[in-house]
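Here subunit A shows up in two complexes: once beside subunit B, once beside subunit C.
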Partner chain A sequence: MFSTSLTASDLLFMLQGAWVTLQLTAAAMLIGTLSGVLCGLLRAALPRASLPLAWVLDVFRSVPLLIQFVLFNSLKSIAGLDISAFAVGCLVLGIYAAAFCSEIVRSGIQAVPANLRRAARSLGMSYWQDLRFVVLPLATRVAFPGWLNLVLSVMKDTALVMWIGIFELLRTSQSVVTRIQEPLLVLCIAGLIYYLMSLMVAQLGNRLEKRWQEND
Partner chain B sequence: MIEIDKVHKSFGDLEVVKGVSLTVNKGEVVSIIGGSGSGKSTLLMCINGLEPIQRGSIRVDGTEVHAPGTDLNKLRQKIGIVFQQWNAFPHLTVLENVMLAPRKVLGLSKQDAEAMAVKQLTHVGLADKLKVFPGKLSGGQQQRMAIARALAMSPDYMLFDEATSALDPQLVGEVLDTMRLLAEEGMTMILVTHEIRFARDVSDRVAFFRNGLVHEIGSPDQVIGNPQMAETADFLKSVL
Partner chain C sequence: MFDYSFHWRIAFKALPDMLNGAWVTLETAALSMLLGTLIALLLTLLRQQQNPLLRGFAETWVSIARNTPSLFQIYILYFGLGAFGLHVSSWLALLAGITFNNAGYLAENFRGGLKAVPDTQMRAARSLGMNAFQAYRLIIVPQLLRIVFHPLSNQMVWAVLMTSLGVIVGLNNDLTGVTQDYNVKTFRTFEYFALAAVLYYLIAKTIVLSARLMAWRLFRY
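Moving on to the complex of A and B:
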C-alpha cells in the first residue's frame, strides 16, 4: 500500500513557504505595478523623450531573472548594504515586473482611440482629466489580462529567489525532499499548491473582467 | 461671434486651409459644404483649438483662440462639437457620459449635473436610456447622446462635423431632427454636412469650400438654388 514519511509538520513547513511566495508576489507586483504605470504613462505620453527609459527597461526584461538576483545580491554585499535577502528579492522581482508592466500599460493607453480623447478635450477637460476619467479606465480594461498574466508569471518566478537563500515554496519543498527522499510526492504537492494559488488569482481576475464585459 | 480671419493651416508640408475668412454671428446657422479633403473638418478643429494654425486668427467672442495665453479648456466649454464618429465613452452609462464634463469641468454638484444631463437627454429623446451603456445603443442614439453631452455644457456655439455621415440611412432623420430643433431654438451653429437639402432648410448662410478656401458663400437659395460659380454647381450636381 501507499505509505509515506511525509508528516504534517513537513506540510506546514511547505505552506509557510507558500505564504512567503505569496508575500513576494504581492510585494513585487505592488512595486512593479506602481512604477510600471508611471513608466508606461511616460512612455505613452512622450515616446521620444522617454526612449532612454525604454532601453533601461529592455535590459531588465531581457536579462534572465536568475542573473539579476545573483548580481544584485553580490552588489549588495560589495556595497555593504544592510538589507535582507527578502527585500532584495522583492526589489529585483519588482523591477522585473515593472519592466513588463510598463509595456502593458503603454499599449493599453495607446489602444484608447484618439477620437475619444479628442471628444474629451473638446468638452473642456484638461489633459489630466482626460487621462483620469477616460484614458485610464479604458486602458485598464485593455491592459488587465496582460497584467494578470504578469502576476501569474511573477508568482512562478519567485521560485528563483531560493538562490539567494529565501525559503519560499520551492525551497521549502526541496528541503523536505532532502529529508524524506520522496521527490515525486513532494514536488506534486508543491505543484498543486502553485496551481491553487494561481487559480485563486485567475478567478479573482476573471470575476473583475466579467463585470466589465457586461457593459459592452 | 466667431471671427475667422485669413486662416492658414498645414499638416507638415501639406497646406489644408489656405486663407479662410468667415464670420458667424450670434444665432446664425452656417453650413459648410464641399468635397472630400477641402479642409472642412480641419477648420472646425482649429476653431476650438484642437489643431494649431500657422497664420491668420480665429476669435470667439473676442478671445483669440490661438494666442499663447488663451485658456483653451475654458474656451472649449462654450463651443460644443459633435464629430462624425460617435465617440461615446464606452465605460460610462449614457447618463454618466453626459454628466462627466459638467461635473469635472464646470464643477457642478452630482444633483445639478444629473438634472442637466437628464434635461438634455430628454431633449434629444433618450430619456429612457439613462442607465444603458453606449454599446447597447444604435448609431443614431449614440450620436444623439453625443449631442446631449455637448449641450450639457450649456455651450454658446455648436459645431457639427458630418454628424450623420457614419449612420445608416434610416437613422439619419432622427439626428437631423435633433439638429433642426437646436437651430429653431436659436443656437449658433456651424454645420459641416453632405445633407444638402437639410443645409438648405436650416441654414442662414451656406459656404462652399474648395481647396482650403471659401469658394462661394451666401444664402442657401443663392448658393444651393442658384450657384454663381461653376465648381459649386458641379459639386451640387455630384451630391444631389
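Moving on to the complex of A and C:
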C-alpha cells in the first residue's frame, strides 16, 4: 500500500516548477511594486485628478485572474507580439499586483498625519524632501504588512498561469500525476511546497518588521 | 498593427447562454459564502477552545486554506478524493474548494472582529441569565457580523472570482465554463473572454453596490 512509483527525478521536476513559481512571483512583484508605488503616490497626491486611474485599476481587481490571463494571451497573438507565455504571465500578474499595491500605498500615505507633513514643510523641507524623509519611512511601516500579504496572495495566484501553458509547480505536479497516477501523494507534496514557500516569505517579512520596530 | 477582424456579433449571440452561466456562478458563490460563513463561525469558536485537538484542527484548517492556492484546494478535492474511490462532480469539488477557502479566510477575519467585541458584553449577557449559546446568538454574533460586514462583502467578490477556477477541473455551466465551451467551438477567444470579463466586472460591482445598500439599511441607528 505504501509503495510508490514517485522517483527522485519527478521530485526534481516539481522543484523546478516551484522555482518557476518563485521567479514569476518575484518578477510580478517587481513590476507590481514599482508601478503600484507610482500609482499610489499619484492617487494620494491628486485624489480627484487620478480618479480615472483608480477606475482602471479597479477593473483588474474585479475580473478573475484566469480571464485576464486568457485575454492578454489572445491579445498578444492578435497584436502579433512575439513574447513568451512567461512574459505574459509576469505582465498580467504584475498589473494585477499593481492594482492592489496602489491601494496599499495610498492608504499607507494617508495614514501619515497631515500635520506632520505641514511641520516638515514649515521646517523648510521641499515637497520631495518631505516625501522622501518623512512620508515614505512612516508610510512604509504602515503599508508593509499589507504588501507582504500581497506577495503571499500573488504567489498563490501564480498557480493560475498553468492555463496559458507555463509549467509552474501545480502544472508540473499535474503532469507527474498523469504519469504515475497517484494524485493524493503528489498533490500533497505540491501543497507542502506551497505551504513552505508561504511560510518562508511570511517569516522573512516578520523578521524585517521586527527589526524596523526596534528603532521606533 | 491588428491583422485580425473582431467578430463581436457571434459573441453577442452567446450572451443569453453566458447570462445563464453568470447565474450559476452567482449561485455557487452565494452558496459557498453561506456555508463558508457558518463554518468560519464554528472555526472561530473552536480556536478559542482549551482542548488542543479541537484548536489544532481549526488552526490547521485556517493555515492550509490561507497558505495554499485555491486552485490547489479545488484540485486536491477533485483528483485527490478520487484516490479514495470518492468521485465528486466538478461542481461539487469547486463548491467544496471555495467553501474551504472562504471558511479559512473568514475565520481569520472573525477572530479579529471578535477581539473588537468587548468581553464585558459576554459577561453582561451571562449575568442576565442567558446561556452560552443564547449569548453568542443574540449578543456576540450580531455585533461580530456588524464589524466584519465589509470583509464579508469583499470575500463574496472573491468567491465570485474564484468560481472561474471551476473550468480547470472541467466545469462547463458556470460563466467561465460556458465561455470556454464557445471558445473551443469557434476559437474567437478574445471576443468571448472580453464579454465574460465585462460580465464578471458587472457582477462584482453589483455585489459591492448591494453590500453598500444593505449596510446602509442594516446599520443605521
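Simple rule for what comes next: the second predicted complex is superposed on the first by the 214 of 216 C-alpha atoms of A that agree within 3 Å, B and C clash if a C-alpha of one lies under 4 Å from a C-alpha of the other, contacts with A are read in each partner's own complex, and residues count from 1 in each chain.
Here, a contact is a pair of C-beta atoms (placed from the backbone, for glycine too) under 8 Å apart; a residue touches a chain by one contact, two chains touch by 3 or more.
Everything numeric in this text was worked out from a predicted model, so none of it was measured.
For the composite obtained by superposing both complexes on subunit A, the positions of subunit B and subunit C are free of clash and fit together. By the touch criterion defined above, A:L138 lies against subunit B but remains apart from subunit C after alignment on the C-alpha atoms of chain A.
Which of subunit B and subunit C touches more residues of subunit A is settled by the count: it is C.
Legend: residue contacts after superposition of the two complexes on their common chain; A:A8 is shown touching neither subunit B nor subunit C. With both structures placed on the common chain, the touch criterion links A:L116 to subunit B but leaves subunit C unconnected.
When the two structures are aligned on the shared chain, A:A159 is found in touch with subunit C, with no touch to subunit B.
When the two complexes are overlaid on their common chain A, residue A:S62 makes contact with subunit C while staying clear of subunit B.
Superposition on chain A places subunit B within reach of subunit C only down to 25 Å, the least C-alpha distance between them. The intersection of subunit A residues touching subunit B with those touching subunit C, taken from the two complexes, is empty. Subunit C contributes residues 1-4, 63-64, 67-72, 75-76, 79-80, 82-84, 157, 161-162, 164-165, 167-168, 176, 179, 189-190, 193-194, 196-197, 200-201, 204-205 to its touches with subunit A in the complex.
In the complex of the two chains, the subunit A residues touching subunit C come out as 59, 62-68, 70-71, 73-75, 78-80, 152, 156-160, 162-163, 170, 174, 177, 182-184, 187-188, 190-191, 194-195, 198-199.
Against subunit A, the residues of subunit B that register as touching in their complex are 48, 50, 73-74, 76-77, 79-81, 83, 85, 87, 89-91, 100-101, 104-106, 133, 135, 146, 149-150, 153. By the touch criterion stated above, subunit A contacts subunit B in their complex at residues 115-116, 118-126, 129, 133-134, 137-138, 141, 212, 215-216.
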